[in-house]
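Paired with chain B in one complex and with chain C in the other, chain A is shared by the two complexes that follow.
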Partner chain A sequence: MKKTILVALLLLGFLVFAIGKEKAKAPPAEATFRMHLASEPPTLDWSLATDNVSIRVIENLMAGLAEYDKDLRPKPAIAEHWDVSPDGRRYLFYLREDVYWTDGVPLKAQDFEYAWKRLLNPETAAEYAYFLFDIVNAAEYNAGEMRDPAQVGVKALDDHLLQVDLKKQAVYFPAITTFTATFPQREDLIKAYGERWTAVEHFVTLGPFRLEEWRHEYRLTLRANEHYYEGRPPLDRLIFYVVSEETTALTLYETGDLDRVTLPPIAIPQYRGRSDYRHAPFLRGYYYGFNVAKPPFDDVRLRQAFSLAVDRTELPRILKGGEIPATSWVPEGMFAHNPKIGLGFDPDRARRLLTEAGYPEGTGLPEITLSFNTDPTNRLIAENIQAQWKRNLGVSVQLDNMEWKVYLRQLKEDTPQIFRLGWGADYPDPDNFLNLFTGASGNNNTHWGNARYDQLIADAASEADAARRIVLYDEAQQILTEQDVPIIPLFFAAQNLLISPAVKGLEINAMDLLYLKKVRKAPL
Partner chain B sequence: MIGFILKRILWAIPVLWIVATITFAMMHLVPGGPFDREKKLPPEIKANIEAKFHLDKPLPVQYALYLKGLLRGDLGPSYKYLGRTVNDVIADTLPVSMQLGFLALLVGLVVGLSAGVASAVWARTALDKTSMFLATAGISIPNFVLGALLIQLFSHQFKLLPPALWEDARHAILPAAALGLAPAAYIARLMRASILEVMDKDYVRTARAKGLGFWAVLWRHVLINAISPVVTILGPLTAALVTGSFVIEFIFSVPGMGQFFITAVTNRDYPLIMGVTLVYAALIVSANLFVDVLYLFIDPRVQME
Partner chain C sequence: MTNSPFWKRFRKDRLALLSAFLIAGLLIVALFGEALSPYPFDLQDTQNALAAPGDLHWMGTDELGRDLFSRLIYGTRISMAISLLTAFSALILGTLYGAVSGYVGGRVDNWMMRAVDVIYAIPDLLLIILITVLIGRGVLGVFLALSLAGWITVARLIRGEVLRLKEYDYVEAARAFGASHRRILLKHILPNTLGILIVTLTFRIPSAILAESTLSFIGLGLTPPAASWGTLANEGWKALKFYPHLILFPSLAIFITMLAFNFLGDGLRDALDPGARGRG
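Up next, the complex of A and B:
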């Protein structure tokens, strides 16, 4: 009997322990913007952050030399202006003198020099070090071939003047300086606290908001930076909740606990008519690639036939997210986008090419497999394309799906005949999309290479004249999607959001960058 | 008693070592590494990262390094959550999972035991049939369906409880119910069957023949003997509940440890996979030890070795 009571008491103890821990905080009357993050930010160290969750937080805590305007053109931020030498290889960035870190220390050009060299230092092991590989000796220093950081082409000439030397002209370089990985850092703090420098108690930033609380796996709270160089932002507070499940986030939006939510695809038709619904293009392309090194897709006619046999307009109908069908590769919303390029839907021509390639009505073709990483959307698309190829070419294709990391390994070691991949913009310049399929690109899984294409991409990167750049990119895209066809572009993604009517001034851009410094909201 | 417990604790060491070794071998057998990305890293950058985490060393060396750290209680750095150690990640999330897990266990025991006893006492009545129908349903319905139903009912329809997040005690009610009702159903069925079995025993009949009242017999002779099977499952059940449920934490946005049983693997975050597996194993071992000690109190026939 006594023991039963003992057990009961123990259980009661658990209950008290369980409930006693958490205390609700009554929200004070503050202008608070609340949104969800798809996961815990892996890091707030902007030398190491590579994922969009971390970057979403960092872009509101920090600032860089330049930032994007609403059309995604780089405009001055910490740099008041910059000069480019006539050969396009030397940049001088003139820094504002009224920028202070949240601990009151003034920002210096040396903080940029330190941050960039830290990004490139092999010991930092930063994934995004390659963003600065256009700089003299940057790649060599990162690869450990050159040990002296003083040889790297970035130098603070005085406290407010930063000099950058490039290996070759790169017209997109100012866009690179908008990127979080290039933001300045404090050598004294990183030396003092090591990897813990991003912990709330040590963290020093200089952007519109500062970090107030970071409850891992649950919530980050940011507070307005009173000393932000553009003036204190209108919002008092930002709260980012970690909510991995999209439908849970939607429920929290509906109950008024969130002010902005990404719509899960399944819910889009239901919300499309509402006034708080927002739709915008997104610089992310989705494509099928061929392994051109192995038969049968070493035959360009067969690749062209497969591309011509796909009616891309069916995809937004099944995906329902307002995706934009694509035949070319530079996405809508980006410079040099040209929807006229590429192989549109033409089943007759597709069948003729199939016959020319020696496979009339698909007879004689070996078994063909379309591979993708396990995901409901990928499956939906693959099943649709499989049916289209059956209908328009008479060809039966097998589907094969794999877990993501297994799939990535497979792409590298034994590239499937047809595979699915996507690409999201790192910076809104066609170079970032078209460089992908150059012979030297580590992300070109097609085994395709074309010297003319590579030359066009290299020329365009150092072409300052916009009209001439477009000509170069048009030709490159024709080679990629009409002539050689190592890939079938399928569609460009879109953003589907709900934004609370109480929120004013929230601009949506095609990079899905979220600058909250201009946003207003009535206090809670 | 103390000797018995000490011996069991010593036994836990080889058990954990074997778990660590098998997990280590298995996760390295799975294709794909922690730094395989959609955007492939330039080889020199990947080399820098692998050097930082000793992934460039041969596997036996990595294994030895890991065990060396483990002896110091150091579970290593997370590959995904840069700048945080696995110890940090577990210290942040395990307490949350434990709170939720103990609440769910409480739901399971209170609801399960009372339903089981009631069903056995009034066996073959409408009450019994209803309760056993619900128990069968409770076991069969996956907890994410139950969770969605609870959210629909209590958050959307009645607007009584928050649908997700982890702010105060009210936020714990729905996830604890969603997590605890399946064990409750299981316990109810177990308890009912066990009581009915014990009620047929000779000593129960003897007690009744001596003129003891029904409730007194039930309390003093039946329950104490019938509870053993429930105590047996309590060990693994507790371990499973307090290390968190991926699905429940996912749909209710509870910042617990359960998510890592899935995400650590999909991210190939090797030290985190090892960390959560070892915590889980250690909890199973301790929960089983706790149950064995509990047996000593409940059933005098159980001897200490």
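Up next, the complex of A and C:
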């Protein structure tokens, strides 16, 4: 027996020795910022990225013509400054001359021209193509009606001067150039590597960080870009861990393995008083969409009934994060927000409409499935709405959930009867929220289109008078949420975060933009 | 019956007796749950979400304000129904397969058992997951998956018994009298495997409960709002840190039921076949 203990002690000694040695060989301490992503980024190609996970990574790898200041106003980034013609239709962007890609090649205005035309090229099939439809001939080129990309109104006049011609004035246009889909791209690399151009070994970027390692379903490591045009960022490394369970992420934060975490609803009341807790409004709407192309939801009365049967005030009670119940679609805190618009909770009217549609008490309805991407909070909401529809309409709805990548593909290829999606502001203007549901929008999964609605959105985009713009948006919102109801707005989100006290200079904004280039942290 | 040696032996095993009462109680809860539960299992009272155990809600409420006690009672029905049904169907399937294989013997036996070996080589959980993925989620999927994965051990057990029993003199005698194969199998051999079958059943049920819970826990089981002990545990573990009551009660239910069935099985085996005691 004594011998065994002796052997065990010896082994333990060796182990301690071995670990000690390992430590001694460890690389010098680095300032590392660690956070979690809810899933693996579906793509890092910013012409194709549409989801917040991909964009979260890309916004730290790249830069655009403009970026936001802390009040969410566009300010110069790669473009040193820009000139607008008096009629508001011609923009001249003057580019900095000290911007280099991570392979040492200088950035040119041609890289913007290429990226924008690639975004618009029908072969790219980019869902965000409609973001540039204010540009002359952009929509026509994207629709395949006009085949010559030279006719599109974006042109590099020389290596550092980019000219953009708009069809008509668009008051928010500089804000659009802050968005990932408008970032420059390298034609030579995309031609050479095809889809593989975003693979770590080929990936060339120009932002504050560069991609160092991508271990799939585990983590992405970004390293400071020594040659970043604003100077190397204070952080040495960013690590994004793929953690799908929010509670797991919270545990990782508590054990000091993450520096920033979004709180799951169940934990919010417990952390509200702590000094590392941050609460902020969020320009993000959460909605259920219908596939209006397929029965039974091709009947507007049924869609209205489903919307009227939801008591939105139950949601903040479940989610506990200061969410705002929504019946309209432009979020609180944004221009043209109007909470009076939309179908409020009215179960009697809902049941009447259900009967009018030919399904009294839900009899005769085919099986209805509500789909969402796998996530505990999405499931919580779905279970609540499922119970509300059962209680207020007598309709039983099945729930189905899928992994994020699969779910996004399903939305495109075979849109579920009812699906959940969120929409976070890409630029803080109502156009961003309402443009989403126009016929031309690649992010409109409802198959709904309304010519009057599209016209209103187009008119409002070039309307300089604020009061008249509000009138246009009010009518558009009425069509969207009262008259045609392709979507059920549910709530406007709020940010509930924990941020490690070791992190300095992390600004929280209502668009959940995470510019990590100014963040500081003591080395680990 | 009360004076039979089986009953005498069984009565002495206090633990097994207690377990039998407990299981009977659970069955009553499963059958008459609606009368016992204070709220409908899927009633959401969002004003009272995540309430701690108290007067209004004995076991507290979940994130959507549903009464955990009522959900646990409802879960008892689902868990018990699924486990009893799958245990029985696995038993019937396995008995038929094993009996035919053992009785016919020879080449047929060889082939049938090799087929069993192939399926046996696949881990249970993997097999169950594959079947649920093919059939789809919900009660039917879980039931079929567990039944199809469960019959194999029964088949092996019964085949062994039948191989042994068919060499007995009384079987020989029946054959000499010209009894048909069917008669020999049903009247002379299978009744003698009944003891083993009952014991197997009591061991299959808890493993079926556990398998159903596992499936529901990893998200391949029932779809909401249906709830079993497994789905309740799944919902509860996320709240482990802040609201431990959500995981405590479902886990306790699973734990106690598993123990009861295992003690009952032990007791039954000892009582039916005293020779087996100590053989393990």
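Rule of thumb we're sticking to: the second predicted complex is superposed on the first by the 306 of 524 C-alpha atoms of A that agree within 3 Å, B and C clash if a C-alpha of one lies under 4 Å from a C-alpha of the other, contacts with A are read in each partner's own complex, and residues count from 1 in each chain.
Please note the rule applied: a residue touches a chain if its C-beta (ideal position, glycine included) is under 8 Å from a C-beta of that chain, and two chains touch if they have at least 3 such contacts.
Note that this is a predicted model, so its numbers are computed, not measured.
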Requested in this report: Classify the contacts of A:Ala139 with the two partner chains as first (chain B alone), second (chain C alone), both, or neither.
Outcome: first
Query raised in the report: Between chain B (first) and chain C (second), which, if any, makes contact with A:Tyr130: first, second, both or neither?
Result: first
Query raised in the report: Touch check for A:Asp259: first (chain B), second (chain C), both, or neither?
Result: neither
Requested in this report: Go through the superposed model and pick first if A:Glu245 touches only chain B, second if only chain C, both, or neither.
Outcome: both
Query raised in the report: Is chain A touched at more residues by chain B or by chain C?
Result: B
Query raised in the report: Where does A:Leu408 make contact in the superposed view: on chain B (first), on chain C (second), on both, or on neither?
Result: first
Report task. Applying the touch criterion given at the start, work out whether A:Thr198 contacts chain B, chain C, both or neither, answering first, second, both or neither. Result -> first
Query raised in the report: Is there a shared patch on chain A that both chain B and chain C touch, and which residues make it up?
Result: 245, 247, 251
Query raised in the report: Any idea which chain B residues touch chain A in the complex?
Result: 30-33, 35-45, 48-49, 51-52, 80-84, 88-89, 92-93, 95-96, 99-100, 102-103, 105-106, 109, 151, 155-156, 162-169, 171-172, 220, 223-224, 250-253, 255-256, 259, 263, 266, 268, 294, 297-298
Query raised in the report: Given the complex with chain A, which residues does chain C contribute to the contact?
Result: 42, 44, 46-47, 49-50, 63-65, 219, 223-225, 238-243
Report task. Could you please specify the touching residues of chain A with respect to chain C in the complex? Result -> 245, 247, 251, 264-267, 270, 314, 317-318, 374, 376, 379-380, 382-384, 386-387, 390, 398-399
Requested in this report: Over in the complex, which chain A residues touch chain B? Could you list them?
Outcome: 1, 3-4, 6-7, 11, 14-15, 17-19, 21-25, 39-40, 42-43, 45, 48, 50, 122-127, 129-130, 133, 139, 142-144, 195-196, 198, 215-218, 241-245, 247-248, 251-252, 254-255, 257, 403-410, 412, 421-423, 426, 442-443
